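Common to both upcoming complexes is chain A, partnered first by chain B, then by chain C.
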Partner chain A sequence: MADFRLQRLPSTTPAAALGARILAIALALVIAGVILAFVGKNPLALGLQVVTSSLGSSFGLEDLGLLVIPLILTGLSVTVAQQIGAWNIGAEGQFYAGAFAASAVGLFAPLSGGWSLVGMGVAGAFGGLVWILIPALARAYANVNELITTLLLNFVAILLVYYVSTDAWRERGGVANSATPRIKAEIPEFWGLVHWGLPIAVLLALAMAGLLAFTRWGYEVRLIGSNPAAGKYLGIAARRHLITVMLISGAIAGLAGMLEIAGTVHRLQGGISNNYGYLGIMVAVLARGSSIGVIFAAALMAFILNSGIILQTQGLTTSTVLAITGLILFLTAIGDELSHYRVVRDKS
Partner chain B sequence: MTEPSHRYVVPTGAAPLVQLKGIAKYFPGVIANQDVDLEVMPGEIHALLGENGAGKSTLMNILTGIYQPDAGEIIIDGYACQFASPVQAIAAGIGMVHQHFKLVNAFTVAENIHLGWSETPRRASAPALEERTAALAQKFNLQVKPSARITELSTGEQQRVEILRVLARKARVLILDEPTAVLTPAEARELFKALRDFVSTGNAVIFISHKLDEVLEISDRITILRGGRKAGTELAADCTPAKLARLMVGRDIVLADMRARPPGAAAVSSSPVLRLRDVSVLNDNGHTALHGISLDVRAGEILGIAGVAGNGQRELSQVLTGTRPAATGVIEIDGHAIAHANAADFVRRGIGHIPEDRLHSGLAPGLSITANAVMREYAKPPVTIAGIFRPRAAKALARQIASVADVAIPDFAMPIRNLSGGNQQRLVARREMRIASKILVAAYPSRGLDVGAINTMLRYIVDLRNAGAGIVLISEELEELLNLSDRIAVLYEGRIMGVLDNDRVDIDEIGLMMGGRLRGEKGAAHG
Partner chain C sequence: MDLLTGLLTTAFLAGGVLALAAMGEVLAERVGVVNLGAEGLIAMGAITAVATVSAYPSPLVGFLAALCVGALFGALFALATVTIRANQVLCGLALTLIGTGLAQTIGKSYSGMPVAATFQGVEMPLLSKLPVIGPAFFSQNILVYLIYIILPFGLSYLMFRTRHGMNMRAVGENPAAADAAGIPVTLFRFGYVCAGAALAAGAGAYLVLAFVPAWSDGVVAGRGWIAVALVIFAGYRPIPAALSGLLFGFITALGFVGQARGWPIAPAFLSMLPYAGTIAFIIVPVIAWQRMRRLMAAPAALGQPYFRSVR
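Let's look at the complex of A and B:
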């Protein structure tokens, strides 16, 4: 009789990993479909609805395009920090800080047109950088865990933006009294609603991948990230690399905030981040440390989020949508792990 | 040397405690094990021998549930078993102490013993755990300090904690992967005594080692693996080191005498290339590890450093290679004092370093073999040109280093931690020798290597000296030091007890100096 067993392999092939993911997503959709059928919805019709409205129309595709921009950047921010062994849980705060700094320039700097956009971009990246500066220095010089410092600063940034958008910079006589006036400088669109932030985000991810794989600096960063003691053995300036990488991570998240302001929302308001900072952590986990993988992980995440929005318009509650989203992510993670296994057959 | 307290006789009718039948394990491109049978009887100390990469660790990882075999059977007490994890293996009475300990450094001994153990009381105060630990230590006759933190312990003491952890879980088979590689001779003797006590009540030990003398001393039977297959099982009483070596490699090993200087070898330079003057060094805990040491290393000589491990060897190798600053004193290279020690700077000046803890300080275990092989030369052409890192050139260099190091590598993109312990060491050694044009500081370079590989490694070290480099050889093996060194310095508690010329060495004198007596001092040992 033959006996079947599972065996764990130390590494996995790309094909197995991809297959496991596709399987995981399919399985999640089937489970979701069963649940939907139980609560009296027609899962096939809903599924068709989601696919046609997000992928079948240029409207849907444009929405996806807009969603994917901040997700690529916050995912990239977390991934870059991971390379040197740091967990940037603060992309959310850096996003707000970048949005804040970019709005300040957009609203008050005496710049016009293109120059205003350049100023906003610089300010956005700089805002994110400033927001991670203290965690970076604290980790580098006092070995303070960046998980906590970056997380705590999120709340500070969120409150700061609430304050200015509902008080100091509020649009007087505006409709909602909870946002700044419209910022004049706008990033031009190149396809429907989708602005040039998308190619910028993709190029940035490719550039980071290139920097890490094809420069001496990138090699040193990967080495220290993998084993700090080896950095000491080689005499690499580990502290300087750590600070640089964390600042780059913060600047990328800050730039995401700027693009959201200048490309999509055009005014600063509370909740502007839509949790993109936290979602970036999930994107990074799905991308498994690959900067190019971030692009695809962000696209998947955008599709899931977008489907959620569509399902809500079809009368599903937010919590159902959240549950389905969670299910997909959960099963994907399990699929990743399972792709390390193979079934072996004992002949006895 | 103590006589073994028992002689092994295969008990008639007794079932083997452990039986492996036809075990196979394949990794991509590698046959780690194939058709391996192994039988361990109650009361037996069974040694596992084989060249680097022969599959010893893999076989034991299969027996303890870390890996699943691709074929074959595990039979315990006559019953076929399958272990999906080490937890299941220990429940069946099979426990392993790995070469790299798995203790939690920030925890106390008592906490480590009780970590992840079903018999740990649910609500336990620290004193209660410590009391239980003390009782266990008493029962198994293994002296440990229950309240001490792991970081405060010597390597030998940490190993005792690991063993106690396994024995406390009622192991009947104790597997030790190269346990003596990191022990002092005194600690090794103590370990052997504990092992004999353990098997005297019908338990068994499986013992992996590259030290043939030790294997012959401690074990009852010896199984030899070659290229993943079993080459035979022998009674230790019927074996000699030469016979074992032949079984391991499949041919005779000729141990070369390395002391002769061939004509044309570089002469010893008159002035030192590397010099320590009154150098004191602090260890990681801020205590003084080296007290005002002065040492000269000349080009074209091998300076042996003798001494029991833990007397400042680690700090000495680090200060000589710029990875640890001197607290006081002067370090000179070619007569120039070095103001700010920096490892990269030392490398640029042609100083290589084979560190004692190669896996944790000399490698990035999670990165590819290529990334690890180029660690010393990544910053210069051909690997990096104008700041651009060239993966293809890196791989070519890695291939070159691996082929000289005689390590077969199926996939250079594989994490280096997947290589066998000895093969990691070979790669590190070759990598360092390539850049050591001026000085090579080699800490225990033969640790973890099989007999053949030790021979090759020492040959390379001598060749490097003959080519004009100065070598600092830190070792515990007196024989190795005497066979290679031009001069021998003895280190004791962070001080140099004296430097001897090898042609006028008195072994007894070295022994006394290793125990703390100053050179030429007569009378009682120095306190």
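Let's look at the complex of A and C:
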């Protein structure tokens, strides 16, 4: 009689990994639906409402287009750092830092029109870069876990933006007293509400994919990420690459903050990020290290985030979306591990 | 109350959350499992405590309920990371998102209301008459004795003075050797991950039942992450973990005093102190105390799943 047993493979196939992700999302939505049904809501009706209002009208699609811009960039930020084996959990803080720096230029720099936008873009990227500088140096020179340092700086950035938007840069005589005056320089729209930040984000993802896949630099980065010891023997300047890649990662997240300010919100305020930094981690995990995959994963996360915003009228909150996102992440991690196994038959 | 007494009183009170969560994290990390879900566990513990005492006004029952919910979430996390051996970083982040999101969703109906029953200060006979330390420590709620005396010394004894503790540390250092010696690796990991998660949730209950007696969305405010960082700073030991919790309680207290006395610094900058301080405290020791490195080292198998045989 033949015996069946499980065999663990050292790596998993892309098809199995994709299948694990689809299953994880489906299962998470089913669990969320069951819980919703349990508290007396009709999950199918809610689902139908979400689909019709986000995909069934141009308004809904434009909202998705706006949400997808920061998600592509924060997802790309996390993915880029992952290539060299670093966890950037601080995209949220770098987003705030980028928004802060871009607003400073937009509000106070004596630039006009297009030059102001360029200045804001440079400042935004630079703000994100500065925000990851200490974690990058600490990881490179003292081997301090970048996971914790990048995350803790999120709170500092959020407090900084809270301070300037409610105190130092607050719009005097404004209605809510919790935002800066409107920033004059705006990124023009090309489709309804959606501004040119979307093509910029997509192009940046494609450019990163190209850099990582086809250049010597990209090859060395991926090599260090998958096997640090091998990189050392090949004489690759691992430390310099690590710092560069982490700074790029921070700059991308900072640029996301700038685009949000200049394209969507037009003034700096607390809570400017809808957890984009944290959702970016989710985007990166779903994309599984592929910069092009980030675009599709970001579209999916934008749909899930938008669902939460639509369902706010039904008494749900963005916190519920955060919980469901966590559930998807949890099930994806489990699915990733399980997809390493295959059933083999012992011939005896 | 003079300045020092006031500072220390707040430090003991505020540090309790961090000390309890950090000791929980020590338990999990000593058996080789990084639990980055501490932030979510604290949130779940806090909302469990708030919901429980609003139905049954006893802080002790609220605290115990939070411990149970923490252990339950810990069991889910252990099922994923220890039994199935999924990636610990991803599962930990997921647990943070689930816990924070779920707690905020449940918390909507409790937001802004004072907690129905809280732990009250109890003056210890004689000891509370001591100068400074009397009012600052011996007049606090009963949980401070658990957090600063019973748990740190008890856990330290368990980990470094008993055979069970040696087995526990062996599981975190070299699970294959521990397995060969007949120590049930999976059972140890599962058990201590659950226990650690229960303590983290207990920290959340302490937060709302003894320190900030109200639920709000941002009430946890990154304390779980600070606790995870403190474990590194404390060299994975329970007594230093409790002490570093106290140290950060002191830093928080400085911020409060600064606000109360109208120091010419915006409150937002004083609120940054614990986060910036944590970053400094995990970077500076690595550079300054090269010689301490062996003593402060992480368990060798930290973060690595254990496969008895990979075939």
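Everything below uses one rule, namely that the second predicted complex is superposed on the first by the 268 of 348 C-alpha atoms of A that agree within 3 Å, B and C clash if a C-alpha of one lies under 4 Å from a C-alpha of the other, contacts with A are read in each partner's own complex, and residues count from 1 in each chain.
By definition in this document, contacts are C-beta pairs under 8 Å (C-beta built on N, C-alpha and C of every residue); 3 or more make two chains touch, one makes a residue touch a chain.
Fair warning: this is a prediction, and the values are worked out from it, not measured in the lab.
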Max touched-residue count on chain A (chain B vs chain C) belongs to chain C
* Asked: Between chain B (first) and chain C (second), which, if any, makes contact with A:V156: first, second, both or neither?
  -> second
A:L147 contacts which: chain B (first), chain C (second), both, neither? second
Determine, under the contact definition given at the top, whether A:W115 touches first (chain B), second (chain C), both, or neither. neither
Query = Touching A:K232, do we find chain B (first), chain C (second), both, or neither?
reply = first
Let me test your reading of the model: by the given contact rule, A:F190 touches which partner, first (chain B), second (chain C), both or neither?
neither
- [ ] Determine, under the contact definition given at the top, whether A:R222 touches first (chain B), second (chain C), both, or neither.
- [x] first
Of the two partner chains, chain B (first) and chain C (second), which one does A:F214 touch, if any: first, second, both, or neither? first
Is A:I324 touching the first partner chain B, the second partner chain C, both, or neither of them?
second
Shared chain A footprint, chain B vs chain C, residue numbers 7-8, 10
The residues of chain B that touch chain A in their complex are 27-28, 68, 70-71, 82, 322-323, 342-347, 353, 355, 360-367, 371, 375-376, 378-379, 384, 387-391, 414-415, 418
Chain A contacts chain C in the complex at 7-8, 10, 87, 89, 134, 138, 142-145, 147-149, 151-156, 159-160, 162-163, 167, 278, 281, 285, 316-317, 319-327, 329-330, 332-334, 336-338
Given the complex, residues on chain C that touch chain A span 36, 40, 80, 84-87, 89-91, 93-102, 104-105, 108, 217, 221-222, 225-226, 228-229, 232, 266, 268-269, 271-272, 275-276, 278-279, 282-283, 286-287, 307, 310-311
Chain A residues touching chain B in their complex are 5-8, 10-11, 213-219, 222-223, 226-227, 229-230, 232-236, 344, 346-347
